[in-house]
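Okay, here's the structure, questions in a sec.
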Amino acid sequence: MTVGLATTLSGSLAQLGQDAERGVELAIADLNAKGGVLGKQVKLATEDNQVTPATGTANARSLVLQHKAVALFGPISSAVAAAEQTVAAQYKVPLIDFMANDAGLQTKTFSKYSLQVVPNTTMEPRAAADYLATKSAGKPITIGTFAPDYSFGHDSVSGFIDALNALHVNYKLVNQQYPPLGETNIAPFLSKLVAVAPDYVYNAQYGNDLVTFTKQAQKYNFFDKTTVIAMYGVQELGELGDQIPAGTIDFNRAPFWVMGDTVTPFVNEYKAKYGQLPPEWSLLGYTAVQTWAAGAKKAGDFDGTKVADALSGATIPTIRGNITLRSCDNQAEIPEYVGVLTDTPDQKYGVPLWQPGSAFTAPFDKISTSC
Amino acid sequence: MNQPVRTTLQKHSERLVPFVGRGPVDVHRRPRQVALRVGGVVALLVLLLVAGQVLDIARLLTLEEALALAAFAMASNLLIGYGGLVSFGQAAFFGIGSYTVALGWLHWQLSFWLALVIAPLIGGAVAGIIGLLALRSRRLYFALLTLAFSQLCYVLAQERYTFTQGANGVIGPMLPDSLIDPRHAYLFVLAVAAAAALVLWKITTSPFGLVLRATRENRERMQALGVNVFGHQLLAFVISGAFCSLAGVLFVVYSQSAYPELLDWTQSGYAVYMVVIGGMFTFLGPALGAGVYTFANQYLAQHTSDWQLILGLILLVIVLFRPDGLAGLLSPRPWRSAARRLQARFGQQEDSTTDTTDPDRTTGELP
Amino acid sequence: MRTLILDVVGILATAGSLFIVSSGLTLVFGAMRLINVAHGSFYMLGAFVMTTVAANSAGARFWVAVAAATVVVAVLSVVVEVSVMRRIYASDHLTHLLATFAVSLIVADLALRVWGSGGRSVREPSVATGAVSLGGATFPAYDLVLIAAAFAVGLGLWLLLTRTPFGWRIRAAVDDPELLSCTGTRLSLLRTGVFMLGAALAAFAGALVSPQVTVAPGMDTAIIVSAFIVAVIGGLGSIPGAALGALIIGVAETLGASYAPSWSSSFMYLAMIAVLVMLPSGLLGRAER
């Protein structure tokens, strides 16, 4: 039985794609070691979409029609995810998104074959806003935003602003910048933000882009006056090394260091195999495969429609504990995590992660909208 | 006056024959050659039809993409090869075609079939406006102006977020149900691309096409003969724009999406690439170039990380040693004649007022 | 005042690095009528060599790395010139565009092999770390390095072209290459020299901007369009024109990002179209022969 991973393995997002692939591979290896799914060994077919929707469409079609993939695991970019979703619905194959999380994936291009095991762009910024509301405690604050110029960036920022309004935070929006995804020269955008020096900046970048932003902003001493709120993951922190901006608010989709003992075996297994701590994308990729396997077992069949139906509303055992996919939009009922960055190494893991005691778990029912 | 010019121009037309034929032929005088050529085209069509039934889906999709790009390359070659107008902005019209379908579907639930008709009209109209301004410049500056216009279209597609969905592009079920099945979609793309090729062939062999070619060879003389060179070039630009847009619609059948990179200058660059590796002096050469480019791109990208190196080397070798492209290899004509034709062309471009004594030129025969 | 200072520094820093890249492009075009699409590749190579030599160490090593990047790329450019460019000088612009486009594809691939697809970064030199405050405005100290470098390059090129025999020959080559070869100048050697100088300028610019950007594949295609626009607006072949063009683009980008952020990228192309439609040879260029 073949499953397909149509993600980005080249260009500026290549690192994230590789992290995802490792998580998926590890999960499949573990499944096969325990006898496979429904008695069959699982094989992975991977294709690189070069962050282009048309290539994503072609990849998804070739995975389904050529490799006979019975399930697809989604890409990084929400734009490509939307393209692959269209194909998944056409050929009635479940597509499990574990990286792309634009809320539009569950409204605009949604079909029952789309499943989502990451917090979406409504939930993620809401968690950050919750944290900020507590921190600012009613005082007036100024806010700037910085996000990649595509649906994810725009939706993440508007999700954040909506959340601030809902929480009645006393804020003033002073500057908004949308540099292109993968832009290497962000100086013209960044200098505008620096000129107004907001109290807080919500940054929806990730990967190399976020690293570039951090290094550039440090040249303006930006972190002295402004607290940045952004998604720093294991890879980003590793790449920043001694340039980690301590005090920055970090929202994170799957920080293994605060997810409790249930993920410890996974962390150890990952470290043993790849010689590094598991990035968020690997952990989420692992859960995505577990989700599909549980669906196939429940349906007793590999048929896409049966698996999708079985998964909707189901509760699935995963390395992060049981997760439930709510039936209205197949969103996994999982929390988002928030913490504060530090530049001193963590006692347990030996690399700088979050300030002790700063971790905050935003529960699903508080950050999600009902549907 | 008119008659002798026509006769001379027909000789020019001999240089542009489908590579499936046997070298230079005169349409009106050698029925055997015509039959061979028609036979060749029919055989190619049958081959493509059979391929649509027997190929596996992955290769079929690549072939479908190649057909859409072949239409794009042939439409671009109306300017590059026939008109001698090297445009680095044809991607703008290609993208406009794709976006007509996508935005029409997104904002107004426009039916695909209607978009198929409207897209070339919009592409042609935009080409008319751009052509009016760009054709005032010549050669290099024409190339740069077309580049600037298409980049402008590119950033508009990227920045008008609320209208175009920005860098995301437009994605969704914009195709009619009848084109969801890949084999049906393939047949549709093949039919439209073949029809477009036929119309383009008719245009290039029409009196208009012959005059266009003559303006490429010697603009000043055509002007002296009272030919409205600007008018002919503008019309060529509009026709090419319209057909590039049509190719853009075909690409949507393949990609089911429209996104800004379709309008980027590198996309125009790849059109020129396909034209040049295929052979700009033959009608079907660019289509061959599109096929080679698409399959090379697809399979090299899968099997080696060095696809750029290989595409670059192919281009370099062709530019340096085989300027008539791959189609030139299939033609039994001696290599020297191709080189001479090219020299004539380049000599002309360098200085179009002086004539060389190149035997392939038709100087002496003009009244 | 604060915004004004920030804008002026931003404009000059953007224009500075653009000028250095474009001056090389326009110099090569002026002397040899050669359109070099691979110019962006030399820029990218300069940045990559920079990341390798400078690694992450600040201090004097930075300047050694800038020099190394410039020299290494200049030597590589001679290989390109001798193996490819020499064969096509006599051809038309389309051949130039295609051959140099082919070279840029090949270089992009080789760079990917050597340096990989991930982003790389360089620390700025220790004299220009952190921020500078001036009149209430805070901007990166490194911006001043870029501005100073642009002035130095401008002055250096002016001295070279007006005060040295090499420069005289280049200017003579622009006017009448045939006559120049009659005077005993070896045209092929001169061409190699000019091509190398152009590539060195591109590499120098790439090395200089490396602390400002993420050095990664794709830098080449991104810069070449901007460099062309700058050179074309100023007039291809004119070095003062490149300076003027760089300033115009600097203004368009910086003010665009402030006052009309969602239209900012369009201004660059609109400026180019406006100039070319009204003055087909650019602001300070000469009509092509």
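Should a chain be cited, it is by its letter among A, B and C, assigned in written order, with residues numbered from 1 in that chain.
As a convention for this text, a contact is a pair of C-beta atoms (placed from the backbone, for glycine too) under 8 Å apart; a residue touches a chain by one contact, two chains touch by 3 or more.
In this text, all values refer to a predicted model and were calculated from it rather than measured experimentally.
A.B. asks: So what shape is it, when you link every pair of chains that touch: line, ring, star, complete or other?
C.D. replies: Per interface graph, the chains form a complete graph.
A.B. asks: For which pair of chains is the number of C-beta contacts greatest?
C.D. replies: Top-ranked chain pair by contact count is B-C.
A.B. asks: Mind checking the centre-to-centre distance between chain B and chain C? Centres are C-alpha means, answer in whole Å.
C.D. replies: One centre to the other, that is 33 Å.
A.B. asks: Just the number, please: Cα centre separation of chain A and chain B in whole Å.
C.D. replies: Those two chain centres are 42 Å apart.
A.B. asks: Rounded to the nearest whole Å, what is the centre-to-centre distance of chain A and chain C, using the mean of the C-alpha atoms as each centre?
C.D. replies: 38
A.B. asks: Would you mind listing the residues of chain A that make contact with two or more other chains?
C.D. replies: 178 - these are the residues of chain A that touch more than one other chain.
A.B. asks: Give the residues of chain C touching no fewer than two other chains, as numbers and ranges.
C.D. replies: Those would be 262, 264.
A.B. asks: Any chance you could list the residues of chain B touching two or more other chains?
C.D. replies: Only 158-159, 161 qualify.
A.B. asks: State the interface residues of chain B toward chain C in the complex, per the touch definition above.
C.D. replies: It is residues 86, 88, 133, 136-137, 139-141, 143-145, 147-149, 151-152, 155-156, 158-161, 265-266, 269, 272-273, 276, 305-309, 311-313, 315-316, 319-320, 323, 345-346, 349-350 of chain B that touch chain C.
A.B. asks: Applying the document's contact rule, which stretches of chain A touch chain C when the two form their complex?
C.D. replies: Result: residues 10-12, 14-15, 176-178, 182, 184-185, 187-189, 191-192, 194-195, 208, 211-212, 215-216, 219-221 of chain A touch chain C.
A.B. asks: Where on chain C does chain B make contact in their complex?
C.D. replies: On the chain C side, the touching residues are 35, 84, 87-88, 90-95, 97-99, 101-106, 108-110, 112-113, 221, 225, 228-229, 232, 236, 262-266, 269-270, 272-273, 276-277, 280-281, 288.
A.B. asks: Can you tell me which positions in chain B touch chain A when the two form their complex?
C.D. replies: Those in contact with chain A are residues 56-58, 61, 65, 158-159, 161, 165-169, 171-173, 180, 182, 251, 254-257, 259, 261, 301.
A.B. asks: Which of the residues in chain C end up touching chain A in this complex?
C.D. replies: 2-3, 6, 10, 13-14, 117-119, 121, 124, 129-131, 137-142, 209, 212-219, 222, 253-254, 256-258, 261-262, 264
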